[in-house]
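In what follows, structures are represented as structure tokens.
In the two assemblies presented below, subunit A is common to both, partnered first by subunit B and then by subunit C.
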Partner chain A sequence: MRGITLIFRREVGQYFASPIAYLIAFAFLLMTALVFNNDLTVSIGVKPADPAVIPTFLSFGMVFFAPLLTMRMLAEETREGTLELLLTAPVREGDIVIGKFFSAWFFYSLLLFITLIYQMILLSIPSTSLDLGHMFAAYIGIWLYGGATIAVGLMFSSTTENQIIAAFLSMSTLLIMWLGDLAGDIVSTVELANFIRKLTLQGHFASSFAFGLVRVEDAAFFAGIITVMLFVTIRIVESHRWRG
Partner chain B sequence: MIKVSNLSKRYGTFLALDRISFSVKKGEILGLLGPNGAGKTTTMRILTGFMPPTDGSVSIADFDIQKDSMSAREQVGYMPERVPIYPDMTVIGYVTFWAKMRGMNKPKARVEAVLERVQLIDRRNSLVRNLSKGMRQRLGLAQALVHDPQVVILDEPTIGIDPQQVIEVRDSVRELANDHTVIFSTHILSEAEQVCDRVVILNHGQIVAEGEPEKLRRRLQKGTQSIYVEIANKPKHIKNVLQSIPGVQSVTEHGLGYNLRAKDNTDIRLNIAKHLGNAGHTVLELRPLAMTLEDIFLDVVGQDDQ
Partner chain C sequence: MRSNDVTITRGFIGQIASFATGAGLLAIVLAFLWRNGIDSFVIVSVVVTIISLIVWIGATPAEFRDFVTGRQVRYGTSAVFSLFLLVGIVVLIYVIVERSAIVVDMTQSESFTLDRTTIEVLENVREPMQIIGFYSPQSVVQRETDDQFFRLYEVATDGMVSRRYVDPDEEPALAATFNAQDGDVFLAYLNDDGGINFSTLSFVPDTGTQERDMTQAISRLLISGTITVYFDLSLGELDPLDNTANGLSLVNSLMQENGLVTQPIGVEALAAAGQSMPQDASALILARPRQQPSEGAIAVINNYLQNGGSLLILADTQSPFMIDGSPFNAYLWENYGLRMLDAVVVDPASSGETELDIISAAIFDSQISAGINPQNDPDSATQFRIARPIDINNDPPVPNGRIIMSSEASYAETNLDALFQNNDYAPDPGEDLPGPFTTVAFADDRADSGSRVLLIGDSDFITNGQISSPLGNAFLFMDGIGWLTDFSTQVEFTPQARVTNIPALFITGQQLDRVAFITSVIMPAIALFLGVFVWFRRSRR
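After this line comes the complex of A and B, so read on.
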């Protein structure tokens, strides 16, 4: 636990000391602001505002944001040689990986939390009639969804010492996991389409959390991805010991 | 303090270490020498707990590095060949982070003491990215020492830094022996002689020689001594003159002067000075040539091959 806390604190400190993290945060908040503004302009006085507009946008946005948040995490440790030093410290590989995962998830959660300002704006406009339950369900969903995409990004960061390659590999994988939902739409066999959708990120968000439904199976899917990805990442980090 | 028994390491089909055994006493500085690829770094990485051996055992302060890895790792401070840094951290933040990672709870006073010791206290609030290479070496030393480990392992700490900094690092390592047991890798024999109490020479993953540096040098040099001489104006037939000096076995041209090898263990410098003086030549430089590890290896490996 001590190792997790120390790594977590160092990584969070790193985010706040890094200009790249600020740029990512700026882009994240700018895009969500534009999406919110657009939705508000279209909805106001016409229909109730969509409380899941930001989470729905982020279900696509995280395909790009998650790799940017995680690409540095283990790739840089490998390139700089600090991973070798970490692996000689009296901490377990799992502590290193979990500490890093939680720091990225924390940073993402912080950005997500800031977007609640938009919901407060909606609350302050009487005609928008915000459905709070719907909103919280969507936020819980995208929070878990983000955790899963971050775990995928962290896994790819452990496979290479090149941050760009790590980002490219995780973006490609996340895009496939996202596009898989569309593949489900064009398959004529219903059973196969359902099966494909059950394997995709969107399939566990767009038809449940985005509509205000919190389903255990969807939460378990994201938790499962996080668990499997962290397990694989720990094994990859461990492999540095026998690869030398 | 450190006991290595029949240690082997295999990468696929490549045998990096082949049943090496040695031990290091408390407060001793052991030099681990060898050319590139000899197995020095592999040995050190096993000692630090970074990688497991294929066979054999290592104990550090009576903790088995495999069976009780966490306790063994707590006893070790390690500075890899290329000092790993977090460029965006401050000097004090970096050392504090490693102190905590190595198990210290309130390391503030200790961190400041170590920074004082490696003369980085004035730079405590500087970003690591802004340090010179020599300062980074000292920072690496600070992170290795901060938790006051019983064993300090330094992988080629003087590589790539300027001569003044080399002297500083050597002095720092020498001082460490008062409180720590040190393993120090280098490929420069003269450096090992200055710093280490004892050396282990590795080649192709095996120990080819072991002992006190001076004794080892004498034994491995097999009574041969090399002298470099530079004579003013470099006269035409000077090579013949040098060859005729009593005690000289061979003469080879080297740069602006000549390398002379003595026939036995006698000091031929006096003969050279007298002979050249009597012949009317002005000696600009006359110095014994430090035999490099590579020179010695040519002998040792040559013998192995035969």
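After this line comes the complex of A and C, so read on.
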């Protein structure tokens, strides 16, 4: 646990000391703000503001943001040879991977938390109201969803020493996992389409969390993705010890 | 300074090929399990795996040799097995959790929780019924959304209401049996062998209010066959099987689709045979009788009403039925305080093409008028073509009342010969009667005999040609039948729909600009400023 905390602190410190992280935050906030304001504009006098508009956007946005957050984490360490140094330190491979994962998830959580300000601003205006339960369900969903995408990104970051390749591989994988809604268009049987959809990220967010519904099976899916991806990442990092 | 240029090396190709080999092996296992045997999916996976393996061996033979012979085998095999074990555990947990169907509805309006009314309805489900949904692969998202609701019904009834999904593309014959389109949902009882009882099959309409649609469909199925409505045909009435513009086949179908049983009957024949109305009669309809009922027929009707029967009368002007002084008109006046007048309502202020096409001007709150709300939906008004006014006794023998009236500007033309022969009508102060007039009235003797009477001064509005023109005509008829048979209290409750009760957003332009400025400019700018600050500080070190 101490090892995880050490790595976590180190990585979080690197985030806040790096201008890239702020640039990512800038792009993240700008895009979510545009989406939020667009929803407000189209909702006036027609419907209540959509409490899940930001999480729904992020369910697509994380396909690109997660690789940006994770691409350097292990790939850069491998390329610069610091991973070998780290492996000689009194921390286990699991501590390294989990610490890095939590730091990226923490940074994402912080950005997500900042977007709650949009909802607070809306609530502060008299005559507007918001379905807070729906909003919290959607945020819980996208928080878990984000964790899963970060775990996938981290896994690909461990497979190569090139950040660009790591980002490309994770974006491609996440895009495929996001495109689950289209499964029905490419397969001929509904059961197969449903099976494919159950393996995708959208299939566990768009019909539940985004509607204000927390299904434990969806939370289990995201937790499962995180667990398996972290396990694979740990095994890959571990392989540095015994690979020729 | 290191470069991020991508260089394709043999090692990289070998690495990708090794991944592809692993993925191919996984695909073979999944395809084999999924297809339950060897088919094209499995064969394609095998071919891809072999090609990847050859590329891997060709690109990095040493690495491959190490992989299969060296310590990589020891560590790698252990890693793969432990990974499979972990994936197995994760899948197992997921399957258990999925089957437990633990769902928390966090919406303020509890949109995904079954309403108390629905739960009460489901408590009456004693025999297995099935929700049958037709969804093609293209509708898989819709299927999942609907399934979330249908699953609640299955859980609430402990499986008594089950779910079944059919792909209309894969089973076109079955879809044709149901006459189903993609996205259609049906409900039916199941036979003892688990098959669908097609005689109970009913379509579940999709009005965008999922819970209400499904619960009402279940209610209809529960009461299906328990309510029988008789159409009298012995007085020359409109025929419920006639599918011409002047027939009643549409309302007949509408009633049957709602689970009501409709039957023809002849009260004159019953009177002649000395018989009474059948015990199962929930209501009797006299749809535009063209002749006066005999004393015997009136006695049959009276006997039926005194035993708690319900009567719907649709009376037009162009027949001797219920003319002034006729026995049946006198009977209704004496017993229920209602009678028809020998006149036609003319309404210059609330009418359609002509002043004789009167549109409901005043509507009184009632279960019978529940669907009529022209203020919110103009199409929900009723329109009667040549309507007859109803006189209501203000000191009635049983409780009675008005449902629909004409406007203050209306009058009743009493010169019917001039009207029907020359289409001549005009207000004659000395002869015609001043409005407004009642065109739909009821009498309710539930407290005593249990009888109910609904009297409407028009019959054309329920004919095939006019039942949906406007839609209020159909609402009036079905709500009237619902009131007479108590069908409404059993089905027409309103479990919540999947609609939000949060009011629409109201925000001024100035407020919108302020929100946009804070969120789109200030907040991103702070992040950018911090980034520049960090970069500047780092560059000065």
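Keep this in mind: the second predicted complex is superposed on the first by the 234 of 244 C-alpha atoms of A that agree within 3 Å, B and C clash if a C-alpha of one lies under 4 Å from a C-alpha of the other, contacts with A are read in each partner's own complex, and residues count from 1 in each chain.
Going forward, a residue touches a chain if its C-beta (ideal position, glycine included) is under 8 Å from a C-beta of that chain, and two chains touch if they have at least 3 such contacts.
The structure displayed is predicted, hence computed values, not measured ones.
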First, second, both or neither for A:S18, with subunit B first and subunit C second: both
Subunit B versus subunit C as contact partner of A:E161, first or second or both or neither: neither
Partner chain(s) touched by A:V190 [first = subunit B, second = subunit C, both, neither]: second
First (subunit B), second (subunit C), both or neither touched by A:L40: second
Touched partner set for A:R10, first subunit B, second subunit C, both or neither: first
Which partner reaches more residues of subunit A (counting touched residues only), subunit B or subunit C: C
Touching partner for A:A206 - first (subunit B), second (subunit C), both, neither: second
Subunit C-contacting residues of subunit A that also contact subunit B: 17-18, 80, 242, 244
Touching residues (chain side subunit A, partner subunit B) in the complex: 2-3, 6, 10, 13-14, 17-18, 80-91, 241-242, 244
Residue ranges of subunit B touching subunit A (in the complex, touch as defined): 11, 42, 45, 48-52, 70-71, 73-74, 76, 78, 80, 82-86, 88-89, 93, 97-98, 100-103, 143
Subunit A residues within the subunit C interface of the complex: 16-23, 25-26, 29-30, 33-34, 36-37, 40-41, 43-49, 79-80, 114, 117-118, 121-122, 125, 127-134, 136-137, 159-160, 162-165, 181, 183-185, 187-195, 197, 203, 206-208, 211-217, 220-221, 224, 227-228, 231-232, 235, 238-239, 242-244
Touch list for subunit C against partner subunit A, complex: 2, 4, 6, 15, 19, 34, 63, 66, 70-72, 75-76, 79, 82-83, 86-87, 90-91, 93-94, 97-98, 100-109, 111-112, 135-141, 143-145, 148, 165, 167, 169-170, 500, 502-507, 511-512, 515-516, 518-520, 523-524, 527-528, 530-532, 534-535, 538
